[in-house]
């Protein structure tokens, strides 16, 4: 059981979102931030560097947005939909773009294949959390 | 002249947003992140701590979102509106909420007064940048 | 297998540190950052708020330092010991302090008990990585 | 007057460090984090990309460490030298390395020249703050 799930289980205050969906989202965001940071560093060592520039850029944006979204959702108490909804939409959008770009390089670079999986999982987790907020 | 403005002036690649608006937004986000971090630390030392809890929570979310938005806008090249627009909307919304809450404590705590100003400036800078993206 | 471990296994470039130790450290830092963020949010909802102030402060510092250290170690290529050693020493020190403080509240607050475990694991992971760098 | 300086002036609790030195350090760290983020994005658009890889890597580490150090110093209350000293030493070391590398490209790329200045200023600010902690 992840720390995010364990922490949620200890919250005495009611969180008005399904705890499984929320914990899955927090874990997916943390994993995606880490994968994107590692992937752009790996991209920088590849011989076809010039073709990796878009992947590097998207990974940096994706890591920044996933980190912030993981922070906000980790302390989720009486969430403000005016803040959280667009933040999740932005996170979903960058995970989709970054996942698409990583997938383009997946056959050549195993690190991009792993990162694409982390992005896809986070994209879906954002979608699930947005649906759970309704 | 801020570093953000100096850096923008050196970009050889065309950035399709007014450089003044963009540099003002980046500076406002960095300042707001710093002010919110300092303000929630100051709140924690106040005798009326129980009344400061909402302010502390909002300041932490605001610092996280401003930091991520400053990162993404600082590397702005061929921005993706599907990512940047909702991110700016989220940043605008948390700056407004956090600014409102800080203002409630401004008469009693000078640090909340300063933080409210940083939030207001960032809220407006997000609004201006959103308008400039159209 | 964690994403950090999977990413490391794909690195074609030699990383001069045991991959198990490195992946364990990255995972422990990410988990600790998340736990500390969740724990300080949970602390803010407790009735004995005044007694939780030190815990809240340490959790915020611990989250910031773990996030940065996870970032730097995730892109670890030809590390610079002049940068990485003191960063790991700082991370180890804040995890120890934060773990000690969380442990003081563990009997009363389950979220502090979980966070103390995350801090202890990260403290040990930093120690192991420092030893592996020798 | 920067927000960091204004916030410090409102702190009712005694901070045991010269406020000018502390505010200068916080401002220098925030500026350096922003400059490094912008600089590595600019590096990625340069025709001599392969020669910029070390600069890109150092800028990413420098931005991460400066952001964390700015966070910890911004909430500075009864600082713990076991945490803050090595963190500042790490920040000083990465600013020096990153500044050296940026300087190598300063004649060719104006963005590296500006970033080198931000790194030098932050390196000195870390040194001054370390001296003030004694």
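All chains are identified by letter, namely A, B, C and D, in their written order; residue positions are counted from 1 within each chain.
Note that a contact is a pair of C-beta atoms (placed from the backbone, for glycine too) under 8 Å apart; a residue touches a chain by one contact, two chains touch by 3 or more.
Computed from a prediction, not measured in an experiment: that's the story for all the values here.
Trainee: If you tally the C-beta contacts, which comes out ahead, B-C or A-C?
Mentor: Pair with the higher count of C-beta contacts: A-C.
Trainee: On a CA-centroid basis, which chain has its centre farthest from chain C's?
Mentor: Here the answer is chain B, farthest from chain C.
Trainee: So the centre of each chain is just the mean of its C-alpha atoms; given that, what is the distance between chain A and chain C in Å?
Mentor: 19
Trainee: Measure off the straight-line distance from the CA centroid of chain B to the CA centroid of chain C, and report it in whole Å.
Mentor: Centre separation, chain B to chain C: 27 Å.
Trainee: Could you list the positions in chain B whose residues touch two or more of the other chains?
Mentor: 40-41, 44-45, 57, 60, 67, 71, 75, 77 - these are the residues of chain B that touch more than one other chain.
Trainee: Chain contact graph: line, ring, star, complete or other?
Mentor: Per interface graph, the chains form a complete graph.
Trainee: Show which residues of chain B lie in contact with chain D when the two form their complex.
Mentor: 2-4, 6-13, 26, 30-31, 33-35, 37-42, 44-45, 63, 67, 70-71, 74-77, 109-111, 113-115, 118
Trainee: Which of the residues in chain C end up touching chain B in this complex?
Mentor: 40-41, 44-45, 49-50, 53, 56-57, 60
Trainee: Would you tell me which residues of chain C are touching chain D in their complex?
Mentor: For this pair, the touching residues of chain C are 57, 60-61, 64-65, 67-69, 71-72, 75, 77, 80, 82-87, 89-90, 93-94, 97.
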